[in-house]
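Chain lettering (A, B, C and D) follows the sequence in which the chains are written, and residue indices restart at 1 in each chain.
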């Protein structure tokens, strides 16, 4: 890969994709997110040798939101093993919106269909062990700091508070899970952990590094250290394909073909096995909650560089 | 009506119905209710002149459970008027189990279909005004004390605590309602009020008097006082027909034809317009949550005395 | 009842209600129905002595549509008995639109919740016996001719053809019922019978007479003959309350309180037990499929003459 | 790859997997399928150079059933293009059973979520062009004959008839699609085409060749001819991951990680991009409709030979 040429292409594709930000809207249900400038679009690519290419707002901090579901799942799998985790949360895509509660009632037993919908991610948060909420959060933060090489990674307090105040649907999901025996501990503490890990602040550059660790099957390419088992990386990449882009995952798999996880702050973490991690930040969202320009950019990149796994 | 003959008939029908208690089970999800003897069956009838006929365990205290939904609705209607109440809760039967959450998500706007399902009754509890939970509860208790002539009517504390501990599905419903803007105040306070009014303790004799007030369009036949407007009585009797017996209401309307409301402690309050109030207590429930022997007894009574309204 | 005064009141209430026809729209999914003038409003009342009062377009022919569901149910009950019928169709209101298929899949066993929704009425049509479709239809026509005293009552062929051409959702319901074993005979024949009985043509005056037979528990007040058992009349009146007005039945029960069945051609048949039958024709429909001015008129009539049963 | 060693491994894994056939049951709702011996397990692997390795019942004919959904989709895409096809059928996994009708009603517009569920595949069958059913079927048969090199490939008439007789749920789906405008032509003809293409008879060996064409992005490795565009192959492989194994697709993606499509006759076609096509035949099914021993065998193969794509 000619880095200079690649950077030029990246800039061009980023600028093209940026023109479609007008087709989306920033998330409005979390007031703090509604303040973002919808025209932003940042992208970074991390290569197996650690090289990082960027274009646009790649250093602008934003919150992980649903991208954090991958990292809470990694921690839960490392702490509890696959059997424990998948007895409490399924592996199937749903076809429903991320905050839907219907299948919790219709599916017997009442366990969430997968860890990428809110119900499933709350169930996963409930599996993260530690003597209190801070200690449980630190499990996630420590891993993210190691993976990004940034020891300053932290929760954005304003977003966390904004989220906590407007999270009643998530509370409904959590209490339903408590009723079904999927959540066993203190519900408010688990919700607190969930809101906090959604509010962890990163940049597109950092997300590219996170994606590269997954692309390298759990190895930090900067240090050569294994951060988590290859098996766990494989599980995450599979979920990113089958349910990483909310109820547009199937479409994204066909049109783009790269394992990816989006968040309503406009971030997307994508992972091209063995080849690269990609971080995107574009806060204007489509009606399913994915970054409009981010999806557009990943589709162009996938086609131009032949990144699809299918 | 020959009272002696009527009492004999009542005893006979009660004894016949009592034989089918074996087909049901006491509610087990609230541990305190699981302690009841399933073989009990008490019945009382209150006539327009105040006469009370009884058979079986008519003086055995039990908790109102869902029967309380009628009385919280009466208070909410008296305090807020029809328009306010029915902007927040609908008037339609659902065909779903009483604790179902599905239609809250599928129906737009997200308001409960009627005040007799749990979601609707929690919404109604949220409309009861007062400076704190105790004051709001007192609105219901005061009315029940007046209607029964028993100033001692009170919450059964053990049942209330048992209920509160096992009420996570109701919490899920309440937070969903909060998210949808149907509930506006403090959710835990409203749930607390809801659990308390479900745990109010009465006897079949007292329930017969409650039913007679509704039969007399809101007039207490003992004092001649109007307890609530005739319009409110009419609304309650209608709901008792269309959705008073959980998702067996349609069947009950055809087979028995009397406005009635049941509770999972085994109580049923029935109302024959102008003619009588009926209180039943039979804690063995069918799979939809209605008293097995109570339904059987009301069907026999309705046929023998021609009580159906259709 | 002073007949002159009553007729004056009826005309006034009809004229008042007629002003709200603008809030509705004629059914458009059946092309033949879309041709009606939406401003029409006719009403007739049949009293126990056979007297008929009318106002507006009381002699204008229209098709029964869903009102026919009552009469196919009567025939099915008379031919097969309650046990047979209710093993194949339930007694519960649904809270869903009349053509919904969802509950056929979610409810086990897969039987329609009641005979007033399309799925249930198709199941009922399947129970009507006869050597061919015409013979089965004649069972319904003969009964209607007897009840109205009009031997000319017939299917409107143009509406029947229009209906048949646009009935694919009903075909879907029928094949689902066939798959579930609820329908056992030839599906297309049963659908044909269903479309034909929906297309039977009547006037508001005739519908008032039909309603009076139900009000008199199955007796034709003109001849004194029993047309069907009182038990069957009772069942029909109960269904008219719990699910006669589509998924606005609960609201209608509270606001009007009279057993009634509506059809998408704009007809409503109402029945005040022992007191009167009412026929209404107002083709402008609300979004649930009920005559806008018809519902308005029945509400005024019920209040002015105190006709509610609750 | 040492072919002798590979064949030995394949035999061993096949024999191991064969022991779990007792955990499944042959499909019983299509009587003709119920006659199969549940203990059978055949497997074939086709390599890029055309070599075929086999073990067990690899030459036993069975019907494609849902595996045919891939080939009708290929024909429909080639005849109509992506835009036309995906305006009428979606790209999202559903989380529901393959014959579910619920989402057809709840999703607006009413189009099937993907072409791998029955509703979606019937919609796809409706898009296949030709002057009559036979001509439309020939489009699929011709392609299969070319891909397998077997000009004798044909519909199993007994299975087709059996299927046609027991397909009322599929008829319900088709008429719902007709009502929604997704199906536009003659419904019974399209159903006939659908039943016929489900009943096409193949062997595991042939299925391995079919899978190899997909693995080679649409190239027949025997002749070097392109059978369909690479783009179409990519779309099919993506659907095989997100919804190829009914509502166990997510689990299969995690546990096995190979694009695959199963059928209720016990067949599975799997595709390892660039590396191999795999055909499996094991008629004992799990409760979701997938071959019990087939899934087990593919999981072992994937682990032993590292075939997963994630």
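Some observations on this one:
Note that a residue touches a chain if its C-beta (ideal position, glycine included) is under 8 Å from a C-beta of that chain, and two chains touch if they have at least 3 such contacts.
Note that the coordinates shown come from a computational prediction; the quantities given were computed from them, not determined experimentally.
For the interfaces A-B and A-D, the C-beta contact count is higher for A-D. To overlay chain C on chain D by their CA atoms, one rotates by 180 degrees, a value rounded to a multiple of 5. Taking the mean of the C-alpha atoms as each chain's centre, chain A and chain B sit 48 Å apart. Between chain A and chain D, the centres computed from C-alpha atoms are 32 Å apart.
In chain C, the positions touching at least two other chains are 106.
Of all residues in chain A, only 100-102, 104-106, 168-169, 171-176, 178-179, 187 touch chain B in the complex they form. Only residues 90-96, 103, 113-114, 234-235, 237-239, 241-243, 247-251, 253-254, 257, 259, 273, 308-310 of chain A touch chain D when the two sit together in their complex.
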